[in-house]
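Each in structure tokens, the structures are laid out below.
Each of the next two complexes has chain A plus one other chain: chain B in the first, chain C in the second.
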Partner chain A sequence: MTETVLDYPAWLRIDHWLNVLFLTLLLRSGIEILSTHPKLYWHDDSKPGTEWARFTTKKMPTDRLYDTLDEEEDYSPLISLPGHKKLGMGRHWHFIAVIGWILVGLSYYLLLFATGQWHRYWPQSWATFAEAWNDIITYMTFNLPPLLPNEPLDAIQKLTYAGVIFLLAPFQILTGAAQSPAIEARFPWFVRLWGGRQCARSLHFLGLVAFLIFIAIHVSMVFFWGWGQLNASMIFGSVRNVAWATVCSFLIIGAIVAIHVAATVWSLRRPAQVRRILGAVITRARLILLRPLDSRQNYPERMLSDEHRVNGKPPCSTRYKVMAVHNFVDWRLRVGGLVEQPATLDLAAIRAMAEPEGQRVLHNCVQGWSSIGEWKGIPLALVADLVRPLPQARFVCFLTMQDNSRDEPSSQGEGQFYEVMDLELVYKPQTILAYEMNGNLLPIKHGAPLRLRVETQVGFKMAKWIYQIEFIDDLRGIGYGLGGWREDNIHYDKDVEI
Partner chain B sequence: MSDPAGNAADGAMVRPELFALDSASRERVLEQIAAKGGYCESCGEKDFDIGHALFLGFLFLDEDSDAYMVALTCRNPECAKPRTGIVLPEKDFLSAALCGDGSAWPLRARHR
Partner chain C sequence: MPVKPRDALFEPDSAGYAQVVGHFVEAWPENWHRSRLFRVLSLGGYVAFDLPRAVTGLGALLLVGIAATHAYMWASQDGLPRYFQVYAAVVIAGCLLFAGSMGFGRNSHVAQAGWYFGSVLSVVILGLAVGTRVASLPGMTAMTGRWDFAPATFALAFAGAFIGLHASVLLGINVAYPQRQHWED
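Entry: the complex of A and B
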């Protein structure tokens, strides 16, 4: 037996309550993210009808094009943060909470091992497992098992905490990371390790369920073992002032609930402010950790998805339809802004610029679904080389023919769809303007005649139905100035490596 | 696939949503243009070449479920904007060969 006194040092108590805060924020914001595509799959094509779990009763039409915006669910703020189909807000809370959770977790690991407190979770011998089984039997007979000698826990508690701290928490972080397009693009083997993108998403969900079950049992155990005594240990460090500890426990829980309520109300009322403040932290972390990653994908042909879901509906303008029925011979791409040599190109000119660059890659929708497609087009860098951006150009703006006021009743906002990305992404490997998909011309529903592919980003950045590209030095004058239609209207983040 | 309007004359592929009309269907489209008094918005010309058809009913929210657009190319060589189109319901132009036996449905389904 260790000589370390397995008590409740201050750092352990502080980390415990911070963990409660961050974990509950993660759970609610995770449910918000799930609500925008409330279906889970074991296959990367996310083929309609093949989901193993669905949390929606919506039925989609078969005689009309529907898109994944139509499939979004409106969950209550009681279970999701902030609720009401606010994916942009849910993502901000999820990512800020995960940063906090990882920092708390790292400090916890560090101090556990530095102080010898790790013994409280590590089984001394195989006998602990046998004792844990006996403890389960004891609990099932509505009795409390004995604590391990000189330890604050019984055997099953010890093993459960070990499983949660050393297995479940890292599992959630790793399966979450496996859903980052930048990580998937740079390390395709990592996502394959989990069985694919949708397996990682499904496992991440099962991890959420495991945490919910753990929390329910944990709170029940605290109740049955003695709410006041155990909370005294977790608040004061020892069993004293039990009545006051009970009061304090409810004050702490009340404070955590108050933070949730405040986060929910703030997100529903002032989403742009939430986006700005949380985004300042998240974006910095994302650009440091994920922006350097380059796409190195080349999936085998046999893995191509038969179907590729649609997000965003084709432009309903007569002009677009007339161009489409004439094979887009009258379509032109204007490239200008802060460039030395503006250009206007038709499809033939774009095709003539270079041999098509093809890539078989995993597509990640911000909602969580995916598919594997083969795209062909020209590197965006070639177009940039043609027009020669001026030194002051920092961003690229893609203007599309889609008007969400007219084309997308399910969208929460209106006006022309556009997206802005940082200039450096133009020069990333596998950043192309695609005019072919899966061996055929780019379909109308997927952005014909030309769409963007930036494989380290989430799907909504890859503007479809493009007709104009502008090199700019400031994005604040476009739309509402947040870097894209989704950013302006539904408060998505502009830089979306995850 | 034929390309009566010359859209694929440069060797470019014809997009998968488009399909060629047989002569009977093209004739019916011309009849519809004449019946509706159709003319080129750019130059006023009334003669058109008939091109491909595009099933609109599935892809575009604002269209009836049986709507198609047929490509029309103005025959006036001086016309500044020769390419246009006409929206027609299936029953008004698709020939029996394409429609009557239900064979248009596979055409539609292919483009979903």
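Entry: the complex of A and C
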């Protein structure tokens, strides 16, 4: 058998530099996502004060209602993509970069094993571990250890790269996937495997830190071993002209920085355009991979969270307050649009439609916090069956009593809150209109008298304080036409299975 | 009202002395917390962890690491001079004592003392480790006067890391057992 020459084939070099691009995009956009709830927990209730890490200077009031929008931080574009509280943009960049990163990773794995280059990373014997310790000792004497025979790396480098490529990278993808509400809803065991939603989020963050440490050591090592020589190998495949290789390495790094700058400026100036272009790829991937997943959650009662964070402040109109004082007897739900039989229902009529359907489920906020709650209500499909949507109906629009101009000073937009979702989600298991929470009437701060629960989506899609449901064939006429208030104003994605 | 002679302000038993020193002692932490240097070192208050046991465990581990490197140097070298043996014994005993008081001291004063004495010892070790890389000591030519002596680099790294960790506690980035961050919001 011919021994594989562990050199620098073209595919390895291309994948390396693409990896630098995607990984740095992931790191910066990940920090943007973190900035909207800059606190990390070990427990799924995300109880205020129990966080193990916080990256914010904000102190929340204890004497009045605040919501999680008040907790958002405004990070500099120097560390986050794009910065300035643009979660929608951060999510788009994170998801497009992860698609690119996974594709690069798959091609890398495939070619590593197809060409035998995997030998450069995989330890052939236990002796490699002993040699790795010797290498550490050598580095501590401020000397460089010998390379392994016929290999481009020393033993500790070999083990470190193996750890990053075969452990850390898959770990990041899996802990990222464990934060998808659709995956959590369909495979609750998978999120519990990581210790819960917040453990997965914390571990994902620690993976980010591990990558930062790796990058710092990797770049230092390249510097100490010879920047020009190693970059010559990683750019041209062999060492011929070190000076030219050094220049090229800085040109490539400059190009990557330029892409970051362009992505940042583009996202801050033309977010709707970024959303449309990146979203075209992301949404397709999401609908293919995650839309088919159905919620199958039934958390035990002991896991219910004592407190559920508030996102979005309740309506403070006089009309709403009067209704609330009278236990919402005057409240009506109008269901219409492209339906055969429009209906107007009060709470009693809704309750009388069927036995309440209960579900103990994990709630995922788009910001990253979570909690486990028990919700009771009627399946939304029953309401749809009552009004009978016309064949041309493709979406459902939920109109709420919340007005952001009046109720939510922390929001980055104005006007009535509304959300639009695809009609097929109406018929998904555990999609309900909830009027009870944790065995009591739905609290005002969580959407009384009626809110939506769609367990494969993140929280902002689950409109609260609903008073009207419209079946529609085109969402372009609603708001700015992007599929909801958050989509229109903060450029979130409309389909949010992750 | 009679004017006090200027010098009386600085008599240790005078009310003026207490006033001036008291003001200085009270004001300096406030000034320090408001200073630009503090803001930079504490990362603007944007990074904080509530992992008291992990931080204390790490601190204790770093001190044990310093003790282990000194024990290794003592055991692996023959004919070491008496003064190094005494120095190593003091370092090992000190590190273990301070690590123990940090980890097992339920009284916050005992734990705090462990951190402060650990830092003082680390500064001494840091100074000696750097100094003995530059200058050779009598009877220790194999270990001093050179940079390529790994145990000294390890001791240097552990001592530096301990000081850094303690600094992060003092800056409010970290918190050490038995304290907690007490985030009440």
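Everything below uses one rule, namely that the second predicted complex is superposed on the first by the 496 of 498 C-alpha atoms of A that agree within 3 Å, B and C clash if a C-alpha of one lies under 4 Å from a C-alpha of the other, contacts with A are read in each partner's own complex, and residues count from 1 in each chain.
Here, a contact is a pair of C-beta atoms (placed from the backbone, for glycine too) under 8 Å apart; a residue touches a chain by one contact, two chains touch by 3 or more.
Since the structure is predicted, the reported quantities are computational estimates derived from the model, not experimental observations.
Q: Look at where chain B and chain C land on chain A after superposing the complexes, then choose clash or fit.
A: fit
Q: For A:Asn143 in the superposed arrangement: first (chain B), second (chain C), both or neither?
A: In the superposition, A:Asn143 contacts chain C only.
Q: Answer with first, second, both or neither: which of chain B and chain C does A:Leu65 touch in the superposed model?
A: first
Q: For A:Pro48 in the superposed arrangement: first (chain B), second (chain C), both or neither?
A: After superposing on A, A:Pro48 lies in contact with chain C but is clear of chain B.
Q: After superposing on the shared chain, does chain C or chain B touch more chain A residues?
A: Touching more of chain A: B.
Q: Mind working out whether A:Ser125 is in touch with chain B, chain C, both or neither, as first, second, both or neither?
A: neither
Q: Using the superposed model, measure off the angle between the directions from the CA centre of chain A to chain B and to chain C, in steps of 10°.
A: It works out to roughly 90 degrees.
Q: Can you work out, in whole Å, how close the C-alpha atoms of chain B and chain C get once everything is superposed?
A: Result, nearest C-alpha distance in the overlay: 13 Å.
Q: Considering each complex separately, which residues of chain A are in contact with chain B in the first and with chain C in the second?
A: Common to the two interfaces on chain A: nothing.
Q: Within their complex, state which residues of chain A touch chain C.
A: Per the touch definition, chain A meets chain C at residues 48-49, 51-57, 59-62, 73, 137-138, 140-143.
Q: For chain B, which residues count as touching chain A in their complex?
A: 5, 7-8, 10, 12-18, 51-54, 56-63, 65, 69-71, 73, 83-85, 87, 111-112
Q: What residues of chain A sit close enough to touch chain B in their complex?
A: 63-65, 313-314, 316, 321-322, 324-330, 347-348, 351, 406-407, 409, 440-441, 443-445, 448
Q: If we count contacts the way the header does, which residues on chain C are in touch with chain A in the complex?
A: Where chain C meets chain A, its residues are 44-51, 147-150, 153-154, 157, 183-185.
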